[in-house]
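First comes the structure, then the notes that go with it.
Chains: A, B, C, D, E, F, G and H, in written order; residue numbering restarts at 1 for each.
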Amino acid sequence: MDHWTIYLSGEIHTDWRAQIESQALAAGLPVSFTAPVTNHEYSDDCGVAILGSEPNKFWHDHKGAQMNAIRTRTLIENADLVIVRFGDKYKQWNAAFDAGYASALGTPMIIMHEPENAHALKEVDAAALAVARTVDEIVAILRYVIAGELKLTKAAAE
Amino acid sequence: MDHWTIYLSGEIHTDWRAQIESQALAAGLPVSFTAPVTNHEYSDDCGVAILGSEPNKFWHDHKGAQMNAIRTRTLIENADLVIVRFGDKYKQWNAAFDAGYASALGTPMIIMHEPENAHALKEVDAAALAVARTVDEIVAILRYVIAGELKLTKAAAE
Amino acid sequence: MDHWTIYLSGEIHTDWRAQIESQALAAGLPVSFTAPVTNHEYSDDCGVAILGSEPNKFWHDHKGAQMNAIRTRTLIENADLVIVRFGDKYKQWNAAFDAGYASALGTPMIIMHEPENAHALKEVDAAALAVARTVDEIVAILRYVIAGELKLTKAAAE
Amino acid sequence: MDHWTIYLSGEIHTDWRAQIESQALAAGLPVSFTAPVTNHEYSDDCGVAILGSEPNKFWHDHKGAQMNAIRTRTLIENADLVIVRFGDKYKQWNAAFDAGYASALGTPMIIMHEPENAHALKEVDAAALAVARTVDEIVAILRYVIAGELKLTKAAAE
Amino acid sequence: MDHWTIYLSGEIHTDWRAQIESQALAAGLPVSFTAPVTNHEYSDDCGVAILGSEPNKFWHDHKGAQMNAIRTRTLIENADLVIVRFGDKYKQWNAAFDAGYASALGTPMIIMHEPENAHALKEVDAAALAVARTVDEIVAILRYVIAGELKLTKAAAE
Amino acid sequence: MDHWTIYLSGEIHTDWRAQIESQALAAGLPVSFTAPVTNHEYSDDCGVAILGSEPNKFWHDHKGAQMNAIRTRTLIENADLVIVRFGDKYKQWNAAFDAGYASALGTPMIIMHEPENAHALKEVDAAALAVARTVDEIVAILRYVIAGELKLTKAAAE
Amino acid sequence: MDHWTIYLSGEIHTDWRAQIESQALAAGLPVSFTAPVTNHEYSDDCGVAILGSEPNKFWHDHKGAQMNAIRTRTLIENADLVIVRFGDKYKQWNAAFDAGYASALGTPMIIMHEPENAHALKEVDAAALAVARTVDEIVAILRYVIAGELKLTKAAAE
Amino acid sequence: MDHWTIYLSGEIHTDWRAQIESQALAAGLPVSFTAPVTNHEYSDDCGVAILGSEPNKFWHDHKGAQMNAIRTRTLIENADLVIVRFGDKYKQWNAAFDAGYASALGTPMIIMHEPENAHALKEVDAAALAVARTVDEIVAILRYVIAGELKLTKAAAE
């Protein structure tokens, strides 16, 4: 496979996507990354901004969420691998929704989160092929599964 | 269709499932309901209880979550309709995961939650064919979509 | 196959469904019929009647149409055969939508309409395995394809 | 995703396709557009023109409609996004058929029509992720979902 | 599996279907058999008999063949096992078509024919899980694969 | 769609494939053609030539037919359009098998044969979107469905 | 779900299937079990016993293995859950093949083996939702995932 | 088809992959090959090397096997052809697992092994379209099925 397309779902308030992208490209991996629109305001208001305002907040949200779905479902369905990051803020139900969606499609999935969320995320983690904590781990996984590159130092310690 | 099988996903700390079931049966609907194991302790500890304890909490959770997945994925894949309720406690990422899973399968879905969670759930709601708040609404929807029964009182007010 | 489930889509203002059902049952065919909710008012107002009124007519319609979709998509996906009747009133875009839906699922389809609509329906007819005009023809097709019964009188005239 | 393929279904008597294409290309979007054969006479007569005339108008239409289906089904199945425009003339059952077809495939869909058709199109709209009225709205949606570009002016008015 | 549904495709001029059915039932196998309409005249003329005569033989045939397809495709898609018999008369392209259809569906297939057709049928045979010559062999296969019953006499001769 | 891949199944003893290819390329169509191995001797003996001879002709054929299936199934599954030509010699059951295979995949199909085979091929024709007789007709169809080009002379005669 | 169908793949030289069945039935679980033909001699010789002997052992085996596949693939495709047991003898590649087959179908899977095979089976175990060692564990899992019954004694020890 | 992607599964302790690749490229075939990570130590320890050590060998293996599955499942699902080689060492259950996986996907498969394993591999072989012994045979098959090139010398001997 010449090229892997990787969808980066979840948290939009830190630069974890940019870090993964820059490290993956620096490592020369044949990958491209896709993502939802990560501008929070755009994501909330795209529906009404383009198709007209809604006095009822529910339909305001509905219009935007359906518009975002044009992008996100298309990108998830076209991804070879889905990485979902849960951050430390917000409900992040959309991240868990994406994980369920990718899981039903049979797309390999890596979940990324801090240990304190492990219990609450156990069903999501159980559907993944790897559970990571840091960007470095994610990039190391990509280097291994795509290019076969591995540093055995940690394992050597066993 | 002689019979509808409906999976009730999500909140396990209130009796919403029992209420829906009793009202649906009272209405004579040809339905049966399925659900995850709703005993919280069972759900957390089933893996280690059956297959042996794990000193590491992550694997304790992993064993249980995978065992629960034998049940939940089978039941979701066999459901004609999936209803997902978000309650007022816990992260409930597994509920959102189920919603994403059902959505990717193309199974019709009803989401049930209080209005204060509407914004956080907008991507989940946007994938549903109905968003309800109460058990009465859910049962009214079932009566309508399965048996064609409807009380037009509310609409009449318009 | 012990039993055929047949979805009757389209026109809701004449009793064509009842005629097909009574004739099919009289013929002893092992069939059951499913259909959308055929009460026009119910179909238009179900969403707001159950989930609350909407001042904006677009969302009034949207709520109802999505609620109807819980029923119609489930029944179409569970049908062995889909029969779509185009009557002489209204736009009937939902009937054509159902035909496209069934066609993409690969479900055999019979279209029923008067000759004057033939040109406008040519793409829909082209996706069907039979194009009929009357209830008698429909029932004759069902008797043939399900029970192997045929009266050769017309053909004998050739 | 490097490139989006977008199928433009429906009305063939105005230049809405050309407008969308020119604006999308002007915006630098990585898209290509596909469409049915939009020459009305060709579309009606292709079957008999190539495979021989038919005295019976039904088979004249049938031959043409099936030949068009070679193109339209292939293009719809290869589209990442389907946009269906309903104009102000004709029955346009083929447009609704395409919408049903795309919906069953799970392909994201945008419907485009004037407000006066909203009620008659409610089932079609309910299957879409956006309902637009103008070419400008369509292009704005494409810019947002493909390139993440958005002007927040309208929303700002709220 | 409580019950196997077996589609018997191909030759309609001998009583091989009746022989298989009576022997299978005599053996107490939990099976039911489905088949095309085996009345040759019905099969040829069903289209025009029901939907009106056609002066052009091609459309006469087309109407009948599409009507038969309502039955045959539905039954093949619902079969657990497809048995295709090639007799000693006619082109029997429809039998080979059914074999290809079942093969693409991934349905297990048994082909039944005399040795003299083996070379001409090699691509069809290559897609089957067994190639038999007689009704006795077919019934022996059914007894083995469904009920686990086998007489080892022939093998004992090795 | 930038490019169409078209599988040419069936008769291997005339140069119909080369004619279609040269005319299609001359017309500037963005197509590529795939086909089975058309060397008859190769096709019959490939299995034993590579993997060792078989004294039993059945296994000789089986080895070859399965080896050819590596090519033919892969190419059919990757085709946007399948054209199947029935010639005037041989049983050609493999051609009918390919037609059934493509039909079950939902791939658009054109059948090409002389009128004298029309009745025997009626089930195969009924699964196609066009039935043609000559290379010129095939190329005209390709020019129309791929490039939208049509000469209306024949139709004008009506 | 009223009933679960469970396929028991793998080892045929001990009575593990009978133990699971009797305990599951004793527990009142709504299950039925399916399995390959477990008579080793039958399984090896069925092909030649029914369809004629083969001097070449490869084809002797091929005929039998393909005949067994009629049963095993049908049963695996109809199973809600697949349990694969690796015993202490033989290569058991067919058991691992079944596990891969079930995994690609997305069917939940439990693997059962002694700890000494854990490293060699790590890829197979990694595709399962539970890895068990004893019949008691298997039955405890079935009681939990199907009936929600659990004894928490082991977990209590933690 | 311009290009074939071929997954080489199984044995990792001889250079059979490199031999096939160099011969295929020397023959000018339009192919690319994919494979699991063939460094045995990497394959065993990747999980703990990247995500942290595990005191329990079972989880050590599980982490590694799931990480390898990110690569192997993606590559198998993207392969046009899967070749599985069984060597003379180890249990090689992962090779048989891959064969079952590819078989359920319907991907054409070639199995490669020494004759002494033929009986134990009969179910795996029965799911393949060719069973080969040497690299030369494999490359000859690829030249034939991809480029239509064949040397008839062996067959000529018959």
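Rule of thumb we're sticking to: contacts are C-beta pairs under 8 Å (C-beta built on N, C-alpha and C of every residue); 3 or more make two chains touch, one makes a residue touch a chain.
It should be emphasised that the depicted structure is a prediction, and the values quoted were computed from it without experimental measurement.
Judged by contacting C-beta pairs, the busier of the interfaces B-C and A-B is A-B.
Residue-number overlap of contact pairs with A-H passes half for only one option from A-B, F-H or E-F: F-H. Between the CA-based centres of chain C and chain G the separation comes to 44 Å, rounded to the whole angstrom. Averaged C-alpha coordinates give centres for chain A and chain E that are 50 Å from one another. Between the CA-based centres of chain A and chain D the separation comes to 31 Å, rounded to the whole angstrom. Along chain E, residues 66, 68-69, 131 each make contact with two or more other chains. Taken in their complex, chain F has these residues touching chain H: 5, 32, 34, 37-39, 41-42, 45-53, 60, 63, 66-71, 73-75, 78. Listing the residues of chain E that touch chain G in their complex gives 1-2, 4, 80-81, 108, 110, 129-132, 137, 140-141, 144-146, 148, 150-155, 157-158. Residues 57-58, 61-62, 64-66, 68-69, 72, 86, 90-105, 115, 117-127, 131 of chain C touch chain D in their complex.
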